[in-house]
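Let me begin by presenting the structure, written as structure tokens, before commenting on it.
A, B, C and D label the chains in the order they appear, each numbered from 1.
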Amino acid sequence: MDRAVLEDLAAASRILVDQGVFDAAGHVSMRHPGSPDRFLMSRSLAPALVTADDIMEFSLECVSPAARDRKPFIERYLHGGIYKKRPDVMAIAHGHSAAVIPFGLVTTPMRATYHNAAFLAAGVPVFDIREKFGATDIVISSAEKGAALADALGDKSVLLLRAHGFVAVAPTLQSAVFRAIFTEVSARVQLQAAMLGGPMAALDEEEGRQADAINLATVSRSWELWKSRVT
Amino acid sequence: MDRAVLEDLAAASRILVDQGVFDAAGHVSMRHPGSPDRFLMSRSLAPALVTADDIMEFSLECVSPAARDRKPFIERYLHGGIYKKRPDVMAIAHGHSAAVIPFGLVTTPMRATYHNAAFLAAGVPVFDIREKFGATDIVISSAEKGAALADALGDKSVLLLRAHGFVAVAPTLQSAVFRAIFTEVSARVQLQAAMLGGPMAALDEEEGRQADAINLATVSRSWELWKSRVT
Amino acid sequence: MDRAVLEDLAAASRILVDQGVFDAAGHVSMRHPGSPDRFLMSRSLAPALVTADDIMEFSLECVSPAARDRKPFIERYLHGGIYKKRPDVMAIAHGHSAAVIPFGLVTTPMRATYHNAAFLAAGVPVFDIREKFGATDIVISSAEKGAALADALGDKSVLLLRAHGFVAVAPTLQSAVFRAIFTEVSARVQLQAAMLGGPMAALDEEEGRQADAINLATVSRSWELWKSRVT
Amino acid sequence: MDRAVLEDLAAASRILVDQGVFDAAGHVSMRHPGSPDRFLMSRSLAPALVTADDIMEFSLECVSPAARDRKPFIERYLHGGIYKKRPDVMAIAHGHSAAVIPFGLVTTPMRATYHNAAFLAAGVPVFDIREKFGATDIVISSAEKGAALADALGDKSVLLLRAHGFVAVAPTLQSAVFRAIFTEVSARVQLQAAMLGGPMAALDEEEGRQADAINLATVSRSWELWKSRVT
């Protein structure tokens, strides 16, 4: 395993803290570059503190053969569930940023308020854990819950979890970070636009598709800046 | 008295500043670990400046036998009143964070907008000092006012003080800090959800109970991060 | 002149930047401690950069006998106008903080949302320069404009300037700083309460009077903290 | 070419990051001081990282004769289009700040909420790229798009780009930076005023004209402060 891969994954965790998406919680993972049936994710730790040495390896069943004395996040099932159902997904971020949670509580759908949030234009579903599991502690703590969540995500890039947070998925680690950041920023923009009232001329699906392609092609310019702030 | 206890209590004060819950005011206390009829609390001082040496010891009547030349907070009666009526409460935080105050001014009840705010799902009462004491300077400056406030809190975890601030109580110091922080964050989320309008699918009581148990069990992960930022 | 007085006045300027009330503009003044017919105020300079050496002395006509090569703020007339009409006022702060400006643009009156903003409970008038002077550049650039502004202030502690900013006055420098800060914070709280809708149980006049007395008596605790951050 | 000019242009880029107007994207340009048919602009780079060595020179057709291995921003066409049609414009800033984007999505016009935003009083048009180009990736990626955008700007100082961001133009680099900053601040103020509801007594056109003249004459006081923070 290339050490630089682990360092990038750890940096992704710290970037999402630095950019105000993660607080004392939140986790980001990536599919193993060489083995599509495994994924990499930090041990249970505040995301600001994650380093390459904290990265563990999991099967898609969320078992870590080499866990040693490291305690994994319970919510690794959220990641495993998605990697199983979405072979195109190479990285996943999950957090509880404050501007996004409201959209999981009310019926207003999230929109793609500008080109940086283009990946939202295809639609943002909401996963309500109550529908299948009744009253729970909200945590995605089992393979069954992870699978139900992955079903709710479908083929989209972002899923809201009712009274919990969001999941952003992407074809690369850099773009998963980008999507997590601009999910939060776009939510803030939409909340402010809602204050003004009236219809909202957000990106339509076709604009979203085209703008997203540009974002994916140019993400490294943002990534380099974000990474320089946390390393 | 274990010095580490005093240092944790002082750190709690600085954590609540660092996390944006306290400003130039606010205070946190804990029940004496060895003597349930006493509590520990900083002398009157901006919470950002509190160190272990500033911690004083009070009886539940809010008398400090060893005050020396240290001036206590007038509002220690808020703490004493609660410790008297709530033997389960081991720590208390009181502040005036900006997103929480609105909920003490209007009739909209606070809700538990996500799992981190699960302790709000049982309900958040409002204490209006006018009802019993008429026009005052708002300060909880006597045993009578402290007792009335403790009555208003009842068996809940958070109490709003009209035109003043909030109180968060918990079975440990770490969870009192956690609850103070997520009272503020959840208030911000609820304000944003209110902008969008419509019903709000917040945690119900049973979800709140279950999620709160998880929070209490995992609070040390957040605490370690928060503490590392102020020590 | 005691050097410490000048240093406190310069610190007040930097405090108001540090606390988010001033940006690249804003100025604070105090009546001369020994000569009630003069006042002290920085030369024209970004408030973050003010030091004791930048303080100039003005007559109540806003003339500086010892200006040397230092350029005064045009808006010293705002200060002079108030010192002339309000012998009780010993210090004045004027800024353009973002949450306060809206209340000068619409008809919703500012309220005292909590005890720290008690000085607002007596009422917050709005000065519209158009009423007397027609279309202007908004700047309080003459003795006539300063006098009209002082008339609008009346016996209150805070005045809003339409499409411009606010003025806070107080019996001491420390409390002028306190009032400028909590005018901004209370405005933010009121904006958030307005999002929730319904009537607002702000402080009434009598509560405001009583709570303000406590604030004036305890302001040094906040001042020491604020000052320690900028010196 | 005077090195100080390049350093000021690079500083302008970093100032707009420091002041919260640019994030990982955004660019600022200026007309060549000696050759009105050329303009200066950074190579494609996160604006926080721009130094004098990153500045490239372009013809008004957006061709860089001395590009060497430096990759220009695609959106240089936005700048070229404006410099061609507006000989009075000497500097341009383009960004995606969060409080401004809502005004490009809804029908509420931006207003000049206070004297610092006086340049908005003349009116703020919105450019919707769909009207002429149908569904696109939103980027101003050709001379045709740049020209259409310049047409939409007309003789104004600020243009909103639907689902994208804003452009601020000015007769000097310092005032372009000033206008970009106070476009964002005024948008925040207007959003907050909208929460309160009712009519808004913003600056009228004549007040805006007069106040803008003062801003242009005094901008160096702000510029010196802003520059000192990033150099």
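Heads up, the rule we're going with is that contacts are C-beta pairs under 8 Å (C-beta built on N, C-alpha and C of every residue); 3 or more make two chains touch, one makes a residue touch a chain.
For clarity, every value in this text was computed on a predicted model and none was experimentally measured.
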item: Homomeric contact chain A-chain B: same or different residue positions, threshold half; value: different
item: C-alpha-based rotation, chain C on chain D, 0 to 180 degrees, nearest 5; value: 90
item: Length of the line joining the C-alpha centres of chain B and chain C, rounded to whole Å; value: 32
item: Whole-Å gap between the CA centroids of chain B and chain D; value: 46
item: Per-residue multi-chain contacts in chain C, two or more chains; value: 195
item: Graph class of chain-chain contacts, one of line, ring, star, complete, other; value: ring
item: Residues of chain C defined as touching chain D within the complex; value: 23-25, 44-46, 48-49, 96, 98-99, 101-108, 128, 130, 135-139, 162-165, 191, 194-195
item: In the complex, chain D residues that touch chain C; value: 112-116, 118, 185, 188-190, 192-193, 195-204, 206-207, 210-211, 213-214, 221-222, 224-226, 228
